[in-house]
Every structure is written in C-alpha cells, then in structure tokens.
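The same chain A turns up in both complexes below, where it pairs with chain B and then with chain C.
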Partner chain A sequence: MTTPLLQVRGLTARLGTGAAQVTAVSDLGFDVGRGEILAIVGESGSGKTTAAMALSRLNEGPGGQLSGQVLFDGVDVLSLNRRALRTLRGQGIAMVFQDARAALNPCERVGDQIAEAMVVHGARRWTQARRQAVALLAEVGLPEPERRATLFPHELSGGQMQRAMIALGLACDPGLLIADEPTTALDVTVQAQVLALLKSVVARRNMALILITHDLGVVASIADRVLVMYAGRIVEEAEVGRFFAAPRHPYSRDMIRAASIALDASGRLATIPGRPPRPQDIGDGCAYAPRCAQRQADCTTLRPALTVHPTAGDAGLPHRFACLHPIAEALS
Partner chain B sequence: MTQEIVKRLLFLPVTVFFVATLVFLALRALPGSSAELLGSQFSTAGLKEQLIADLGLDKSIWQQYGIFIRELLNFDLGRSFMTGKDISTMVAETLPITIELAVASLIVMTITGIGMGVLAGAFPGSAADGLLRTLAVLLFSLPWFWFGIVLIIVFSLWLGWLPAFGRLPPTLEYQAVTNFVLIDAVILGRPDLIGPWLLHITLPALTVGLTTSGALMRLVRVGVIETGQTDYIRTARMKGVPAGRVFFRHILRNAALGILTVIGVQFGAMLGGSVIAEVVFGYPGIGRMTVDAVLTRDYAAAQGGAIVIATLYVLINLVTDLSYRWADPRLRRGGGQ
Partner chain C sequence: MTGPLLSLHDATVRYAVPGGWRARSIAALAPTTLDVHQGELLAIVGESGSGKSTLGRAMLRLLPVAGGKVTFDGTDITGLGRAALSALRPRMQMIFQDPYSSLNPNKTVGRALTEVLAHVGVPRAERRERAETLLAQVGLDAQACARLPRAFSGGQRQRIAIARALATDPDLIVADEPVSALDVSVQAQVVNLLLDLKAQRGLTMVFISHDLGLVTAIAQRVCVMYFGRIVEIGLADKIAARPAHPYTAMLNDSVPQPDVVAARATVAAASRAGVADLPSLLNPPTGCAFRSRCPQATGICAQQEPGLVPHAGGGLVACHHPLA
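Right after this comes the complex of A and B.
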C-alpha cells in the first residue's frame, strides 16, 4: 500500500497568547490520499477551520502555536523554512475559503489574482499566466471566461466568485485542495453545482480534497470519508456510507438526527440540547458528556481514546471513534 | 459619474451663497467699521460721513446685502475699503502664494505621515511602532503657532539656516506674472527665484506639514494593520505570495484608498487653515489677507477671501471624491451587481 499524500499525527494548535491561550485543536491524526474526498464536520468552534489552516501553517505566528506532525508528500510541513513553506502554499496545498466575496482582493481583476499565484511561484510569466487563468476559469465552468477574467470580484455573482476562488486554488496544480465551507454563502442550487464541480475536479486531476463543512447534506453528496470533530478533537471517523448507516459516537448520531427533516417522538425537529463547550471549559472527561443522552458516570471523569474498530465488509477502511459507551445498533 | 460631477457642481453656488451670507452677517455683527477706523485717522468732521456714504454703509443692512449678492452674481467681489484695489486682483496676488504653501505642506505631511504610518503598521507592537505612535501624538497635539515659533527660534535665530519671515527676500527684483514662483521662474527665465523661495517656504511648510502628519500617521497605521487582517490578504499568503509583495502590492494598495481621502480633505483644510502659519511667518497668502481684512473691518476683502477659500474647499473635496471613485474599482463601475 502506498503512503497517503497527507499524514497528520498529533497535530495540536494553541491560539491566543499568555493567559488567554486556548487549545483549539488537540492531537489530530488522519490521512488523505490522492483522489479521495475527506469531509471534516463539526459545529462552529469545533476547531475544523483551525485544523485546516494549520495544515499549511496559515494560523501560525504570535497568536498561534502548532505542534505535532504534518507530512505532505513525505515532507514535514511544520519544520519547513519560510521559503519552502511559500513554495508549498499554492503549489502543494491550496485552500478555497468560505466567503469568496471577502477572500478575493476587491481591487484586482479576477484573472490577475489567479495569474499572480502562478507568477509568484515562477511557473509562468504574466502574459502566459493570464492566458492560463482564462483556461482555469473555463475549467471551473465560468461562461465567457475571457471577459470574466478582466472583471473585478464585485462584478461576479456569489456562485461565480466561488468558482473563481476554486480556479485560484487550482492555479498551481496542487496535490491537496482544502475547501473551507465552500458552499455556505451560496444558495441551494448553486451549492449543488459547486459541489459537483469540486468532485469532478478532484477526479480529473487525481488530487486530494479536504472539505470542511457543518452541512451533512454536503458530506453525503460528495465525501468518501467523514471525520467528526468536537471541541477540538476527532470523535469519529468512518467511510461515508457506514457513517450515515451506523454511527457509533452519540454525537455523530445526534448530529445526523438533527440534520434530517425527521421529527422526533414528540413531533418536533430533533436538536442537540446545549452548546459546544469553550476550549477552556473542557474538563477531564468526554467533552460531549454534558450534552450526551447516553452519558454514564465514568463519562465525566475519563476521556475516551480514539480507537480503531474493525468493521466487516469495508475493504480495510478503518472506523475510529472515541466513546466509552458507543452506540451498538444501526440507525433506523 | 458625469451625473455626479454635474450634481456636485450645481450645489457649489448654493454652498457659496450660504458662506457669503454667513460672512456678510458675521462681519456686520462685529463692533466697529472701517469708516470709523479710517475716519479716526483724519480730523475733518465731514470726512467720516463722506466715507460712510462712499462705502455704502449708510444704507440699511438689507440694502447692503442686496447690493453684495447682486455684485456676487456678476462675479464682482468689489473693492477693498482700505486700499481701493479690486478684490479679484488681491485674490490673484495672494491665492497662488497660499496654494504654493498648501502644496508644500501637503508634500511634507504625506511623506512623513505615510512613511511613519507604514513603518509602524508593518511592525505593530514593536518598539519602533511605540516610538512612532508617541511621536505622532506629540505632533498632532502641538499648536501650529507654537511649533512654528520653535522652528523659527531653532533654525533662524540659533542656527541661522533659514529665513523666518516673508516669501521672498525684499531685495529680490520680481515682477509676478502668475505669482506661482515655479511657473514664473520658467516664463520669465529666472531660475534664481527658486532657491530663495524654497528657503522661505521650508519653515512654514514644515510647521503645517509636520503637525498634520501625526493624524495621517495614525490613519495609515490603522489602515495597514486592518487591511493586513482581511480575508483577501490571507488568500494572498495562501497563494504563496512572498511577504514583501503581500505588503506592498496587496496591503498598501488597498489601504491607500482610505488614505487618499484623508489627504484630499487635509489639502482643503490647509488652504483655509494655513492662516496661522501665514501670520506667524509673515507669509502674504490669502489667509493672511482675509485675517487682516477682518481686523480692519475691510468687509469686501474679508468676504472675498472667505468666498474664494470656501469655493476652493468644495472643489478640492469634489476632486478627492472623484479620485477615490477612480481608484476603487467597486465604485468605478457603478458598484454591486
């Protein structure tokens, strides 16, 4: 078996300084291979965006400390010098940000912003890069790419901007694309188009995609594998079909129930009571325990480890979860 | 955009009308008149009455106002009560001097303000940042006249490097054409004018430019820091753009939009507000002309000076707004979807 493109081991991110420092992501470990779509799901504040940014050290600095190991194509990302890191960004790992309207420079033409990514890596000269930018805009399905390349971001619609953002991510043909809530700001029909685009691009270019989302509908429609984060830690990881059919962690199940339109026994939409804990409020036990219907006495004192559980019939794909009292039965 | 320009230009006469009315009334509310001041210098009893009649001050205030507005509509600013010169001539003589000083001050303000702001904003929280911020507070807390006098004491009295008074040496032979020294130096073929002129303009320009640069520095610093925290700057970093290019091409370019407006507004303020520098340095600009006119109750000259300054102020703000629209693509093409 070949080594996966991205291997993350024990990745921990501490944000803030001094007394205000919190551990936003703890001991994260997972792999992503080429051609694979991994969805990282979780509520707001679960650490999924922090984790995604940490993969290319985008949140490192005076207010952000990273530790652990990120191996990209065999290279230890956390120990790269600035120049090598700059080469990695855009060429190795690219990122598509949540709000394309804010993430594109308002004073630069769309085509130039895409072309700049190629020029700064020395891949192409400006004239060539601009032509390539038009080709990329065509690839992401923007009609009239020549004209659109000369427009400013505010002259595009929300969906067009997100497509342009994806084209920007693809500019240097990265091995891994990280898409952080790429469809959140879009309306439903456009969401579906953008997801289909991401899926086809990954297949065509044989790249890896990490999709950060809180929308289980998005997960179900394109992901191969799901990784659930809660309070900065992984609580469950499974192949997508198994995840929806037989989640083992109570949080996963509650989330799936809350996302479905199905009503609960009392005829109301299912919700998860309470809210996720703030990083500084997490005690020794399971972070989900205060909200968990399955809670037992040891849940508040013992933190469950993330362990691999053998599953039948899934061709070697591991099913991992961190729960002392996992759910045994499949979802009806 | 053309529509906007036309609209703003149509509003100009309205603004000027209000300024004219305000100045007219304010001057009349001041005690004393130029007739008294002039008349007191002569002992003849009938002279004062004669003067009052000549200046039209014997008419009711509403009649005077009517005459003033009618003349204004004919672009006639009248004659000075004191010197008998046409106000338009006086403006033509003094306005270029003020514009020269305002431009020189603006250059000083822009270079020091942007320089300090960019440096501080590039390294927020550093020792240099703290030092520059302290300096900025100091600069904009200093009163102009006090700072001007300190500069005179240091550079004129102690060091003897720069002249403290006037615009050109009184001994210099100079028949003005446009009264802009740089333009006249070319027209008249008199490069010898430039040196003394530069020496004279340095201290007043430093006074106005440095005291205003403090506020600009703070704005530039905040603009640079805030732009650096935007999502699109994060995108630029994620693309692998080198840090220097991120700073100069992405952060500075976007922060410049806000700075442009401030500089424009400051330029307008300098035209009207360099009065103090003109008085401290004996600089014969339109600000000093207007102040002198108020002091001697030279109604026509004071009204003329105020109207010209107000008109310029409005025009400069218009140009600032237009340049902002031109520089920001979101406004250039109508904005939005």
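Right after this comes the complex of A and C.
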C-alpha cells in the first residue's frame, strides 16, 4: 500500500499566551490520500478550523504553539524553514475560506489576483499566469471567464465569488485543498453547485480535499470519510455511509438526529441539551459526558481513547471512535 | 373565526438607488397581498435578495410602505406617524438574525429588559422581578441580569433577544432568521423555545428563514418568495410533499439532507443543471422572473407575469405551468 498524501500524528495546538493559554486541538491523528474527500465536522469551538490551519502552520506564532507531526508528501511540515513553508503553502496545501468577500482583495481584479498568486510562487511569468488564470476561472465554471477575470470581487455574485476563491486555491496546483465552510454563506441552490464543483475538481486533478463544516448535509453530499471533532479531539472517524447508517459515538448520533429536522410526538425538534465546553472547562473524563444521554459513572472520570475497530466491507477504511459505552445498534 | 391579525393589501416597498441624476428606485417588494391569521405560525422562505426580510419589516412598518395597505388588528398602519406607531409597537415585536449586533454591548441584560418594561408602563418596583421572570421563561437564570451581552454565547444571546421581545407582551412576533447564526445543536434548542413560548402565550408568529426543510417542519403555512414576489403560499406539509411552483420544487430538492443517497443525487443534479442566471432588480426581466432558471418555461412566461391564483392542491401559486 502506498503512503497517504497527508499523515497527521499527535498534532496539538495551544492558543493564547501565559495563563490564558488553552489547548484548542489535542493529539489529532489522521490520514488523507489523493483523490479523497475528508470531512472534518464539529460545532463552533470544536477545534476544526484550528486543526485545518495548523496543517500549513497558519496559526503558529507568539499566540499559537504547534506540536506533533504533520507529514505532507513525505515532508515534515512542522520542521520546515520559512522559505520552504512559503513554497508548501499554495503549491502543496492551499486553503479556500468561508467568506470569499472578505478573503479576496477588493481592490484587485479577480484574474490579476489569481495570476499574482502564481507569479509570487514563481510558477509562471505574468502574461502566461494571466492566461492560466482565465483557464482556471473557466475550469471552476464561471461563464465568460475572460470578461469575469477583469471584474472586481464586488461585481460577482456570492456563488461566483466562491468559485473565484476556489480558482485562487487551485492556482498553484496544490496536492491538498482545505475548504473551510465553503458553502455556509451561499444559498441552497448555489450550495449544491459549488459542492459539485469541488467534487469534480478533486477527481479531475487527483488531489485531496479536506472539507471543514458543521453541516451534515454537506458531508453527505460529497465526503468519502468523516472525522468528528468535539472539544479539540477526534471522537469518531468512519467511511461516510457507515457514519450515517451506524454511528458509534453518541455525539455523532445526536448530531445526525438534530440535522434531520423533524418534529417528534410532542411537537419538538430533536436537540442536544447544553452546549460544547470551553477548552479551559474540560475535565478528566469524556468531554461530551455532561450532554450525553447514555452517560455512566465512569464517563466523568475516565477519558476514552480513540481506538480502531475492524469493520467488514468498507474497503479497509478504519472505523475509530472514542467512547466507553458506544452505541451498538444501527440508526433506524 | 376572527379576522386576520395582520394583513397586507398590495403592499409595496421601494428602495432608492443613488446615482445623482440617474438616481432611481427599485421594487424590493412587488405589490403583495397576504394575511397573517391569529395564532398561526407563518413561515416566509426565500434565498438572499428574495425580499423576505423586506416583507417582514414592511409587516411591522419598520420600513416606509410605498404603496398598498398594511392593517394590524383592524387598524390601518400604512401611513401612521412615529407617535402612533410607537404606541402600537409593544403589540408587535421583532427578533433579528444576529444576536451579536441586536443587543447593546454596553447595557447589562437587566437594563435592556427593564428599559423595555418601563416603556410599556410597568411600575419601577416590579420591573426587576418581571425581568427575572422573563429570563426564566427563556431558560436563563436571574444572575444574567447583572451581566453584559458579551458574557453570553450566541444561543444565550438569542434567548435574551427573545426575552426582550416578550417583555412587551406582544400579539405578533416577526422572527427574521432567528437561528441561522447558531450552531446546529443550539438551533434546535432555540426553535423549540420559540415553539413552546408561542403555544404558552398564544402568540402569532412570522418566521423568516432560508431553510425550507426547517420551516416545513415547524410552520402551519409557508410562503415562498422569489425576486420580491410571493410565488407560492400553502400548508407546510403540502409545500414539502407536493410543491406547485417549480421554484419551490427546486428549493425542496436543493436542501442538503443528512442522507448519503439523497445528498449525492442533489449534487449530481446540480452539476447537470449548470450555473443559474439570476435576474437583477435594476433591470427586471419581462414576464415571470424565474423563467431563466425554470425547466418548465415556455413562450408565455416571457410575455406575461403570472398572478398569484388558487390551484388544485389548495394554496396559491404564481405560475403559468404549475406542477400537478
């Protein structure tokens, strides 16, 4: 078996300084291969964005300390010098942000921004880069790409802007694209189109995609594998079909129930009581225990380890979960 | 059966587009006729720019109405002045989308509530206790009174905004995307709270949302908007099961389901459909505004704007070729 494109082992991110320092992400370990779409799911504050940014060390600095190991294409990312890191960003790992309006430069034409990324990374000369930018805009499905390349971001609609943002992410032909809530700001009819675009780009370029989202509908739409984060840790990882059919962690099941919006017999929506803990409030036991319906005495004192469970028929994809009393039966 | 609590008759809202000598106005809300019945939960659904928030604000006269009539409980409020509107405001309240910007960051929660109570004439001695009762009703404890909004999470802030809306003991609440800024698990909590309060107090509620899946689950009637117009109104279960307008059907099909088979079919259909060509309010199309995206569109759709008329399945639809 070949080594995966990205291997993450024991990745921990501490944010803040001094007494205010908190561990936002603890002991993260996962792989992503070429041609694969991995969804990282969690509520706000679960550490999903911190984890994604840590992969290309975007949140490292006085207020952010990273430890553990990130291997990208065999390169140890956490030990790279600044110059090599600059090459990695964009050419190795690129990001697409949620709010394209805020991420794009409002004063520069869309085509120029994309071309600039290529020139800065030394991939191309200007005229060639500018031509390539138009080709990229065509690839992401913008009609009349030559004309659109000469427009400013505010002249595009929300969906078009997100497509331009994806084109910018693809500019230096990265091996891994990280998309952080790429469709949250979009209307539902446009959302499906952008997801379809991401899926086709991954297949065409044989690249890897990490999709960060809180929306299980988005996960079901295009992900191959799901990784659920809660309070900075992975609580479950499974192939997407298995995840929705037979989640083992109570948090996964509760989220799936909350997402399939329907009133119960008493005329209420399914919900998860309480809210996620703040990083400084997490105790020794399972972080989900205070909200969990099947909590038992040991849950509040023992933190369950993330363990691999063999499953049949999922093409060798592991099913991992961290729960002392996992759910045994499939979801109806 | 009593008459509607609120009704709009050909109500129109226009926004000014600045531009010096080329200044003009656009019809953000085309002439709209709609009744909100006593005690119902009416949902207004549409994508961004569809005019759903404009409609919600026009209902409460938070915006000047350019034409037509708005009636609240038998009173014509279309042309009411500030003072007269201010006297009516306690009976109709609004909950906004973003609980981070709808609460004054410098006012404690207690102060935000007692000010409203003072406005509706609650004696000073009772205000504090009433504020604490309101907070208890939305699931917050009395200590919240002394704290500033920044001490609370998004879901808790939205609870405070709900308590503030309830402080005047209103008959009608218009909630504009009250849960879209919240996490999924918290969304359901806040929706349940609104449903409980509505049942306990016999409130009439207008729930504005972009999420057709959510509103068809909780509302009695759903009103679908596109391009500043109502394109379909009907009972929630009918809208979900058998939509009459092609746009409603498109929205129904686009809701991403947490179900692998259904969600993949949605994405596959979207990649076949290609990129939509959206109409512009500055340069409105002739005929039906939805025709550029409509699979059923024919010649007549470009010539004549369809009116909102009853159709066989019950409810109203504005389409030349409604789905059976």
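The criterion applied here is as follows: the second predicted complex is superposed on the first by the 330 of 332 C-alpha atoms of A that agree within 3 Å, B and C clash if a C-alpha of one lies under 4 Å from a C-alpha of the other, contacts with A are read in each partner's own complex, and residues count from 1 in each chain.
FYI, contacts are C-beta pairs under 8 Å (C-beta built on N, C-alpha and C of every residue); 3 or more make two chains touch, one makes a residue touch a chain.
Computed from a predicted structure; not experimentally measured.
J.: Under the superposition described at the top, does placing chain B and chain C together on chain A give a clash or a fit?
T.: fit
J.: Kindly classify A:R295 by the partners it touches after superposition: chain B alone (first), chain C alone (second), both, or neither?
T.: Neither partner.
J.: So, A:T189: does it touch chain B (first), chain C (second), both, or neither?
T.: So A:T189 only meets chain C here.
J.: Applying the document's definition of touch, where does A:S157 land relative to chain B and chain C: first, second, both, or neither?
T.: Both partners, chain B and chain C.
J.: Of the two partner chains, chain B (first) and chain C (second), which one does A:K199 touch, if any: first, second, both, or neither?
T.: second
J.: With both structures superposed on the shared chain, find the angle between the C-alpha centres of chain B and chain C as seen from the C-alpha centre of chain A, to the nearest 10 degrees.
T.: 70
J.: Mind telling me which of the two, chain B or chain C, contacts the most residues of chain A?
T.: Counted on chain A, the partner with more touching residues turns out to be C.
J.: Would you sort A:A270 into first (chain B), second (chain C), both or neither based on which partner it touches?
T.: second
J.: Determine, under the contact definition given at the top, whether A:H121 touches first (chain B), second (chain C), both, or neither.
T.: First partner only, chain B.
J.: Quick check on the superposed pair: does A:S221 touch chain B, chain C, both, or neither? Answer first, second, both or neither.
T.: So A:S221 only meets chain C here.
J.: For A:A94, select first, second, both or neither according to whether it touches chain B, chain C, the two together, or no partner.
T.: first
J.: Pick out the closest CA atoms of chain B and chain C after fitting on chain A and give their distance in Å.
T.: Least C-alpha distance after superposition: 5 Å.
J.: Which chain A residues are contacted by chain C in one complex and by chain B in the other?
T.: 157
J.: In their shared complex, at which residues does chain A touch chain C?
T.: 43-44, 141-143, 157-159, 187-193, 195-197, 199-200, 214-222, 240-241, 244, 254-256, 258-263, 267-273, 275-276
J.: Using the touch rule from the top, collect the residues of chain C that touch chain A in their complex.
T.: On the chain C side, the touching residues are 47-48, 153-155, 183-189, 191-192, 195-196, 199, 210-214, 217-218, 250-251, 254-260, 262-264, 266-271, 273-276, 278.
J.: Flag every residue of chain A that touches chain B in the complex, lowest number first.
T.: Answer in residue numbers: 56, 58, 82, 86-91, 94-95, 97, 99, 102-107, 116-117, 120-121, 152, 154-155, 157, 168, 171-172.
J.: Which of the residues in chain B come into contact with chain A in the complex?
T.: Within the complex, chain B contacts chain A at residues 230-232, 234-243, 245, 250, 253-254, 257, 328-330, 333, 335-337.
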